[in-house]
Amino acid sequence: MPLPGDLAELSAKVSNWGRWGADDELGTANLLTDEATRRGVAAVRSGRTVSLAVDLKADGIQVGQPARRYNPIVTLTSLNERDPHAPGIWEGTDETFMMSTCAGTHIDALCHVSYDGFFYNGVPTSATTAQAGASKMGAEKLRPIVTRGVLLDLPLHKGVDGLDEIAGGYAVTGEDLDAAADAAGITVEPGDVVLVRTGEMRHYRAGNRKRYAMGKDYQLPGLSVHSVQWMRDHDVAGAFTDTYAYECMPPTQPDWSDCLAVHLLHVRDMGLLQGQNWDLEDLAAECAAANQWEFLLTAVPEPLVGASSTPVAPVATL
Amino acid sequence: MPLPGDLAELSAKVSNWGRWGADDELGTANLLTDEATRRGVAAVRSGRTVSLAVDLKADGIQVGQPARRYNPIVTLTSLNERDPHAPGIWEGTDETFMMSTCAGTHIDALCHVSYDGFFYNGVPTSATTAQAGASKMGAEKLRPIVTRGVLLDLPLHKGVDGLDEIAGGYAVTGEDLDAAADAAGITVEPGDVVLVRTGEMRHYRAGNRKRYAMGKDYQLPGLSVHSVQWMRDHDVAGAFTDTYAYECMPPTQPDWSDCLAVHLLHVRDMGLLQGQNWDLEDLAAECAAANQWEFLLTAVPEPLVGASSTPVAPVATL
Amino acid sequence: MPLPGDLAELSAKVSNWGRWGADDELGTANLLTDEATRRGVAAVRSGRTVSLAVDLKADGIQVGQPARRYNPIVTLTSLNERDPHAPGIWEGTDETFMMSTCAGTHIDALCHVSYDGFFYNGVPTSATTAQAGASKMGAEKLRPIVTRGVLLDLPLHKGVDGLDEIAGGYAVTGEDLDAAADAAGITVEPGDVVLVRTGEMRHYRAGNRKRYAMGKDYQLPGLSVHSVQWMRDHDVAGAFTDTYAYECMPPTQPDWSDCLAVHLLHVRDMGLLQGQNWDLEDLAAECAAANQWEFLLTAVPEPLVGASSTPVAPVATL
Amino acid sequence: MPLPGDLAELSAKVSNWGRWGADDELGTANLLTDEATRRGVAAVRSGRTVSLAVDLKADGIQVGQPARRYNPIVTLTSLNERDPHAPGIWEGTDETFMMSTCAGTHIDALCHVSYDGFFYNGVPTSATTAQAGASKMGAEKLRPIVTRGVLLDLPLHKGVDGLDEIAGGYAVTGEDLDAAADAAGITVEPGDVVLVRTGEMRHYRAGNRKRYAMGKDYQLPGLSVHSVQWMRDHDVAGAFTDTYAYECMPPTQPDWSDCLAVHLLHVRDMGLLQGQNWDLEDLAAECAAANQWEFLLTAVPEPLVGASSTPVAPVATL
């Protein structure tokens, strides 16, 4: 089923299908040029580094909705033991872990979401099967992100702790993003990655897992159909947020017919790199202290073959 | 049981216990200063990026020895489906994966190996339990590595494809490392990370998994007790290799009483960041083409709470 | 796609669709009446019990074909430890395991296989999804099997150690089954379960895992399209074998267009309970020693909700 | 640390160490003689079967305490797909599952609990390691249980729906068991298995998972130090209950120094087969309707090599 009304028009305007060839599986990763990398490197001043990854743990960021998304379970296969095949005085510990690919700080592969039977660039959804995983655009096709990152700290700009103080389901607009970039004195350029801070992560850090995941009265601030054109106009390589759902909830239409429309427009139509649960709290503090809103952003997705999302441990270097 | 004879002396000389305080859980990550990061950033010329991570897949780099180390198993929890709680036209795929923490390209946490009942800095091995995992020096304590990386391409320097052409169990020495650094015109400095290429990864890339893991007649080139002092003298923050076992096999002593001695001296005595299965083949080609042996190395360990090793997807920026 | 030619006719003759109502999810479990149970109980003489389950272990019966079928992986979550919430002097061990549902001795749920878009009794295959599992005829719908079991020991009757001595891909026929039942002096009755011994399990027990799984030159003895009518005529509640593939390999047609036809006719058309990797070696020895070929068979499938197969640990009581 | 005071005396009286030889790994399974099996078979009247297993599912019987005990997670490896190596018209589904060994209806292996450094029969606890699992008395050593089962329906006898109506942490005594057996007209004999109904399972079946697991104000009815001697005197082969914790909570001593004492006396001292989460509700109804309190009990533990507990799907045949 195609997107409803206005969104179909928006889709046509922002689509990147065919832009980088009929066989392209990279999407906006094509914008991650050496020049963009150099721009990121040039943004470094102090050399201070800030991790943007949340801890992976059994009582981590997942709370059971959506169903079947599991926090990591770490189990042991060796505990301060020797391997009988390798004698000596050493002892070692070894363990396995099981988790959902998008349980923690993650990036979506371009096969993560679809509508109307197609992934990005016209790949039919039958390209992913339970047996073989994603034969097209799996997580192993994602490239390392080493580019200029820009923090768009919306709560700071609006004088609140989080956008939820303004409205539970605050829908971020292109104007909001422009205003935050202007206030920071940054001109967002093609191949940049924008980190859009809503302040939601402060709830998780305060130990309020349900509030972070479910919001207040099931309302969550986030990107919206009103920010999509902005992403395309600025040709960003990626857009990541400090939220559970990425986009605002509830969606615009009362019947939820446009549910997850931002995912669909970004990932399926634009081939845009996106992901959730990026912890921007420490970064916001460092940026404010240094009055520096651009930095080198490095985020290398774990090359999990055939997966539709994958863990990533991003770092900002100021 | 303590290390035998000469190794006990070596241990005393290279030990970092107490150097950064009685409660230190970071080890040589203390050397990852802002200055070291800036030195890494300053090494960037073209902005070209090279991933050093091997693909994570069911028929990946593990071959069943050591026992109980499992390649990733990816299984589906949603296949191009909607969540009944989120209507609309979207469809999504979701999956879980299970793997050993050190199955692919990884970094060892400082609780990974021990002898004589202690981890690095005198932490008793009882600090790790099956129930709680590592209460000290688990993978979540590892810091992002953003520093200058130096490729020490030993086969290139010696005019072979891999060190195994010289000797199946070639034991890398400090002299080897000095010679490669000299040839590259690099002075290794405190807080640098050295990537020691043996050429072993070419076997894995050629599809010869068993050769990569088991070597020729069970002999594997690698770092050795003769390279440990060099690491300490240069105060490197980390040392990573393109091998399965990290250190040469068999070890020096005929009775294998010093088995895994490099692990023990590095991780347990020095608190040195180390890890295996780093793919240095593309990097070697790029470095040779650019005649550039230093670069920005970024490697952020997945913050898996309580784990003794963890996946990492490193990237070099030239 | 429907079954080819003759098999379509056979399908029409053996089909149980509609026999027990339009909503039936039990198939031949409907034949497991109290009377059948009492017949099984009446077969007991000595009270000797024989387990028919193979050990579940990491180097167990799966060898990687079919792909993605995993032997159990047991990992620890507690090792002789106390739970901090429950003080005292006790210590306990706890562990998790991960395995494929049909990795060991198992029974197929009626949603395990299909053709032409339908499971047993006309349930569309869309009734199973990755997100929700099987909404119809999942493993939790399987009933306990407590009935008369009959061992049809084909190798014994034919004077060989295993049917593979006669032909690598020996195709068992109804005549074979009749002959073995006659020799045992048994009249197979509705609601009985037949255990068809081929002798293949002797390879596994001898440590030859590949031979057991792959056969000699990829030929495996087993049930065939020539035994299906027999199962229907005798209205057995279930038929289980000591083989990896259940049915003979290769199938009858040179183009393999009838591959797994026995599965399809049994499970999808008849709703017949079936399963593989049942170890009949000890049972054969006990039956021969006692000259007793009927017994009480008890096999209770693990009620794994939504699964398409499930482990079972069957026991014969002679 | 040994058991405190009175319990040490009780331990000495009930211990089965050495009774079946110094190397015995079976414990009270030694009482499962052919004669006991025949007694069970002789108890069958109608042939009606009742499953005693709870469904295995993601929102199953575990609620997160004790920590790290996981309900099953079923994930797909094939969804109505063909294996490319096996052509034809068939389609199949395959899945894996992960769960804690004692998540559902289970039986404890004799290596499950210990005190003072020893398991049953003097096996040192070092016999279980993370790498190798249990080298002694793992779940694969458990024998099939096919014997006479006796339902001791304590709530029925006492005229309540559940023992928690009498006292939240009702401690079952030998007198209670005698009274229920007398009322049923049963003389419990060596090798019988007693199923002790408390009524707790009715909370789980009513959807109240937390009440079932945690009780009312953290009080749970169950077996107690006052029922242990009874088990030994009657030489039962096993004792299973419809509860989460098996024994009453809190324990007798205010300082909880005797926490899990029943586990310790049963499993470690007596080698008694025991397990939890056995659903006795349907059985109770059938027994009452038939006024029949003995039956054939069949329970075959999944032979999970090296595990300390294992799933079991028991069935009663009346």
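Letters A, B, C and D name the chains as they come in the text, with residue numbers starting at 1 for each one.
Criterion: a contact is a pair of C-beta atoms (placed from the backbone, for glycine too) under 8 Å apart; a residue touches a chain by one contact, two chains touch by 3 or more.
Note that this is a predicted model, so its numbers are computed, not measured.
Undergrad: What angle, rounded to the nearest 5°, describes the rotation that places the Cα atoms of chain A on chain B?
TA: Angle of the fitting rotation, chain A to chain B: 180 degrees.
Undergrad: What is the distance, in whole Å, between the centres of chain A and chain B, each centre taken as the mean of its C-alpha atoms?
TA: That pair's centroid distance is 27 Å.
Undergrad: Roughly how many whole angstrom separate the Cα centroids of chain A and chain C?
TA: 46
Undergrad: Centroid from C-alpha atoms only, then distance chain B to chain C, rounded to Å. What do you get?
TA: Whole-Å distance between the two chain centres: 47.
Undergrad: Tell me, which residues of chain B touch at least two other chains?
TA: 67-68, 70, 73, 76-79, 83, 94-96, 98, 129-131
Undergrad: Name the graph shape formed by the protein chains and their touching pairs; answer line, ring, star, complete or other.
TA: complete
Undergrad: Contact residues on chain B for chain D in the complex?
TA: The touching residues are 67-68, 73, 75-77, 79, 95-96, 98, 130-131.
Undergrad: Within their complex, state which residues of chain C touch chain D.
TA: Residues 1-4, 33-38, 41, 44, 46-49, 51, 53-57, 65-70, 72, 74, 76-80, 83, 85-102, 111-116, 125, 128-130, 133-134, 140, 143-144, 146, 251, 255-261, 263-264, 296, 298, 300-309, 311-315, 317.
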